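Below are two complexes that have chain A in common, paired first with chain B and then with chain C.
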Partner chain A sequence: MVKQKKIISADIFTTPLRVLYDAMVSVMDFVMHPIQNRVGVRGMAYIFVLPNLLIFGIFILFPMILNFYYAFTGGPRLFPQDRPFVGMDNLNRLFTCQDFLVPNSCREDLFWRAATNTITFVILQVALLVLVSLMTALILNRNIRARGFFRSVFFYPVLLSPVVVALIWKWILQQDGVLNALIVSLGGEKLPFLINADWARFWVIIISVWAQMGFYTLILLAGLQSIPGELYEAASMDGAGSVQAFRAITIPLLMPTMLVVLVLSLIRAVQAFDQVFAFTGGGPGTATTYMVQYIYTTGFANQTREFGLAAAASLVMASVLLLLTVGQLRLGRTSNLA
Partner chain B sequence: MKKALFFVVVMGLLISIMPALAQDAVELRITWYSDGNEGEVLRGLLDEFEAANPDIKVVVDEVDYANGIQQLLPVQVEAGEGPDMARVTNFDAFKGKYLDLRPLVADAAYWDASFPAAALAALYNADDTDQIYGFPNQFTVTGPFINRTLFEQAGIEVPSDMNDAVTWEEWTAVAQQVAEATETPYAIAMDRSGHRFAGPAFSEGATFFNEDGTITMDTPGFRLMAEIFMGWHADSITPADVWIGAGGTYNAAAPYFINGQLVMYMSGSWQIAAFARDIGDAFDWEAVPNPTGPGGSTGMPGGTYMVAFGDTEHPAEVARVMDYLASVDALKAFTEKTLFLPAHLGLGELTYETDNAAAAAALNVFVSEVPKLSDQAYELQFGGQAFAINNPVRDRLTQVLTGELTLDEAMAQLQQDVDDALAAQ
Partner chain C sequence: MLNFLTNTRGKNRLAFSDVATYLYLLLGTLLMFGPIIWLVISSFKDRTELLRFPPRFLPYQQESVTVPGYDDPLQMFTVTFEDGTTRELAQVRRVGIEAQMIDPAQPDEIIKVNINQRQPVESVYFSVENYTNGVTRFNFWLYLGNSVVVTVAATALTLLVNSMAAFALSKYQFRGRETIFGVTIGTLMVPISVILIPVYLVITEIGWNNNLIGVIVPGAATPTGVFLLRQYMLTIPDELLDSARIDGASEWRIYLQIILPLARPALAVLTIFSVMWRWNDFLWPLIVLSRTELFTLQVGLNSFQGDLQTQWELILAMTVLTLLPITVVFAFLQRFITSGIATTGMK
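Showing the complex of A and B:
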């Protein structure tokens, strides 16, 4: 005797959902209809974007305006009404310098050290990050064994909190850490990974690349997979080698994706803070103090709490980011036209 | 059916408002940090208080010192989001934000008689006269500890056993000999703190405060101590992680000492309870007098204050808690259990709750250091300008250690930092 499979009617799932949906539509209709009558169909667009605009206004626009105001005020008090207007004093203090290339000659030498550190970090980190992400994406795009596993492995650090990443690596690299213990057990001498400025800068870049490359690899992989395979077949039939195909097909067609990766990683690098702060605290000395940490320290960590100076530094940084963004938009437009 | 529905709705409402009905007690919050067992001791005292005062519940939020107390608490209080009370060391940071307890406490005369007037006045704004904003619940003195077992293993005499006036140079040389003889990783270390550095600098002849009210950081005494300190790092006899590897925050070298990796450790009396607990009988440790120099043999005074904040919604209840914590019984119990030096003038004879002979001896050493504290040291701690000096000293010295600045450049930047910080107020 053959057992008959019990067939579950789809209705037992869809009916409650249908009822719920109808109820929600009724409620929405009840709320929206009078509004539409009042503002008209064209006005409804503004009603729908209003919640998002409110969030943007409260959490982004308002703080930006407040920051602008703070940059021209002084004193230690927090609330705007308690802060005296000081005009350009904070910006003047930041830009009082005998030689902008020599931080020690500047009145706010720590600002210029942070600026110099940030520029160096951005150039090296972004270049390495894009290069490593591209190489990884190219490898993972090939038909290698356990490709899915490797994709997961490279993406895994992206899922970790930046502070967790920093603490894990600190545990490995500190003077009495795991790596030095290994070196000593192999007969070597401890290396000053976190107490030598050059070593610390090196590891900050390596760790941020390790932590972020999975994300950019994924973007580049998607870009690579969107390149039609027929192009490579045609090139192969025309006698093109793999290097030629890479230069003539992969690079040009991947360029829009590369641009996205470049811009995202650039902006993220300029904003570097949490991971580095938890990893080195900005040290040794000020070797890994970047702009955001300078702003945080000046405004909140120092006992003097110079909110105005910190806000002025934020303005300078925002201006740089604005320039980068405009540059990216123009580059993107040129690339699209091409 | 309708009756049943009505019953369910009424019961639901009752259940939802029951917690609110039960919450008669006013909840107060204290932000607190611990070097040793202070948090546990405070909790025990508050449990007794709550048993006797069921209308008040006190929640203690334990935070770490560097971030929680030094960095976050001032911002929270400034923003009106602070706790009702807190244990603080950087009391300058909260001036203008304290709650005046004088009209609220049961007996203001008791407070005036029990704590040094200068200690209460350290919390004042410029135009304050007799406010009570809190009380010092602990007095501290900075000074060095040594690992005596290492000296014995090395067969080297402890210099302070033979001589009352040992210099920093002598201590450095002897500690280095002991470290080499016993293959101990580090000879000498100091907490990463401008406050900790100030005592030795004053002993070497540094003076910060001029008679005309100005501050001068660059003095031969400061430079002398800075050079000794730079020598520790240049010779790799101090753990570089403590100052160079710490970034921009306070960092204690205590773990190296507790783990027997350090011969001599410059810290302070607040470490005694932690050492008694964590070192146990692993080795013999002791406090030794502050080294001597042209400026004397001074450590730095210090201490923690229990303060109340003006933004509290329950000033009367806060005053009751403060009255209790400032009482002779509570402070005596707190002092005896935490092995702190008392800042209360009338606790009488103390029986410290420790069977650790080293802890008892260390307490005696630090008590004998109090008369040697210099005027400059008191001025730095209680004069209201420490906020402008201590952290810049720490950070500029670190830049010298990493090679970012020469000592000359650091001294110039340090003076600028201090001037800017004072001007910004």
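Showing the complex of A and C:
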């Protein structure tokens, strides 16, 4: 703890930098003061929000609206004025299926395969991720030595880039890799980890849990440590066992944190792309092609760039995300009331 | 280790739950660091060693000698003769199952042996060539430069515009404040992957395609950053600002000399997030940048692995170099980073 305080209070403004900073402030002030005299204090507020608002408007808000336009226009051209209006054509194309449970019967079979892949991935990944993170957080919350060290150990992979994570595991899991060597030395046979569709799906989940669990562990641990210790003391005085205390104190008081973890991890899982893309490239076949990769391939990587179709798929994905978030928040509210 | 034993819940004896706890942590440490250690060790192996199955832990290389009269270095073997004696010989050539070998000390006499009689002489050897070759083939310094430019510029821009907006949203009453804040929070959950195509259009219209600015600017107005900083600035007492105003400070001076220094903990957390996001960003630079000389490390590394499917020795070495900078930063700041994220909250 001492070390941490030192870093926070290590004042970068006490050195010559401070002189530089003050000089910069004075120059800025020289420019900004006349402006303030003209627009007034309240006017300055608008000037302060303006840069952020501008970037936000141009690169987030405006594109969100524009996405609708793309979804309802067709053709290979990028610029909106060149794109003919096609109404519901793109959405219809995505939703033309003889049997919605069989991706192959759909006109855009890749979209449906990506959708089903994403759904199974999201459910399994989030479940495993939350479970492992919770377990690790509970263990780190016990009276252990070197908590800070272990916290960092689990957190370290979070910092690694998706491409690096993918390459590390590709190297371990390849046909002649170290994991297969281990299996052979234990008397087994080499397993087709990256060649078999189900194995590839399995490892995509494991790897993303490996890379992300530290982050959620950290949040859950913070949640656990904010539960007052007196509650447990009172419970044990009343004769409650540790299992009872866990059910009556830990679970209900951790619920808000769990909800945050669930929302964040779900949103991230739905968007899974970069790690998988570098790890399997969406394969073998289309076994690990997820929604974002479908959008990326349709809009950017394919020979004919189908912006309209990709935008329509984005729209579908955004709606699902919205539903998920709203649904979970509502769920959280009702469970808090109960 | 003894300290572990004395620090248990059960008095003076090892409770089962404590053993399980430390076992879990030990296994966890192994699972978290094992793959990375394996990567680092593998990155020092030469190609023949990498192709070996089953792999060995440490990198080995067969020893070789230069013998007068032969242009290439000759590989060394330990040969076991029928009478049980062994000699270290250099192989000149191999014909079928027969190898022609010489003693480096007496290069004139050729000894013919069955190839089953010889074992390669090997020693631990760290193949630094993987790194030196990789750096030239991969353009490491160029990609590193691009990544640093993007990360530093984007983080500076993010800190500036987010903190200015957060200041206005937390310390002023003005028309549209609630709307602006509401819309910002509303898009907290909108990932860039959902609006990929229209953002790409905007970039193209502006002419930032194949330009690092096109990677830097769009993600700068992070709703997360605005939210995080605003929540923190709300805790700064208004009286401080009022007394500064009485002393004649302009709003801009208040922002620079009161708000920013006081909001340092929150700014630090946003810096960590921003550096993490930008350094590791993949999808967005992948779309904006198509010219190789503009690639960031992540995009470069991915296309590098696509170009040379089988040259693992170079790929592994470059992967290590790519994860090195962030690892060094983490090693120095880990306590600060983990506690910062844990206390100030969410991503």
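Keep this in mind: the second predicted complex is superposed on the first by the 276 of 338 C-alpha atoms of A that agree within 3 Å, B and C clash if a C-alpha of one lies under 4 Å from a C-alpha of the other, contacts with A are read in each partner's own complex, and residues count from 1 in each chain.
Keep this in mind: a contact is a pair of C-beta atoms (placed from the backbone, for glycine too) under 8 Å apart; a residue touches a chain by one contact, two chains touch by 3 or more.
These numbers were taken from a predicted model, which means no experiment stands behind them.
When the two structures are aligned on the shared chain, A:19 is found in touch with neither chain B nor chain C. Counting residues of chain A touched by each partner, chain B versus chain C, the larger count belongs to C. Of the two partner chains placed by superposition, only chain C is touched by A:41; chain B is not. Once the two complexes are laid over each other on the shared chain, residue contacts for A:102 go to neither chain B nor chain C.
Within the superposed three-chain model, A:151 lies in touch with chain C and out of touch with chain B [touch as defined at top].
Within the superposed three-chain model, A:58 lies in touch with chain C and out of touch with chain B [touch as defined at top]. In the superposition on chain A, A:27 makes contact with neither chain B nor chain C. Of the two partner chains placed around the shared chain by superposition, neither chain B nor chain C is touched by A:323. When the two structures are aligned on the shared chain, A:234 is found in touch with neither chain B nor chain C.
Contacts of A:286 after superposition: chain B is touched, whereas chain C is not reached.
Residue overlap on chain A between its contacts with chain B in one complex and with chain C in the other: 78, 176, 277, 300.
Those residues of chain A whose C-beta lies close enough to touch chain B in the complex are 74-78, 93, 104, 107, 109, 113, 174-176, 192, 194-195, 197, 277, 280-287, 289, 293, 297, 300-306, 309. Against chain A, the residues of chain B that register as touching in their complex are 70-71, 74-75, 78-79, 90, 92-93, 239-241, 244-249, 387-388, 390-391, 398-399, 401-405, 409, 413, 416, 420-421, 424-425.
Interface residues of chain C, counted against chain A in their complex, comprise 3-4, 7, 9, 17, 21-22, 24-25, 28-29, 31-33, 35-36, 38-39, 42, 51, 53-55, 160-162, 164-165, 167-169, 172-174, 177, 180, 183-184, 187, 189-191, 193-202, 204-205, 217-221, 223, 226, 250-253, 255-257, 261, 264-265, 268, 276, 279-280, 282-283, 287, 297-298, 301-302, 305, 312, 315-316, 319, 322-323, 326-327, 330, 333-339, 341-343, 345-347. The residues of chain A lying in touch with chain C in their complex are 3-4, 7-8, 13, 24-25, 28-29, 32-33, 36, 41-42, 44-46, 48-49, 51-56, 58-64, 66-67, 69-70, 78-80, 135-136, 139, 142-145, 148, 150-164, 167-169, 171-172, 176-178, 180-181, 184-185, 210, 214-215, 218-219, 221-222, 260, 263-264, 267, 271, 273-274, 277-278, 292, 295-296, 299-300, 307, 310-311, 314, 317-318, 321-322, 325.
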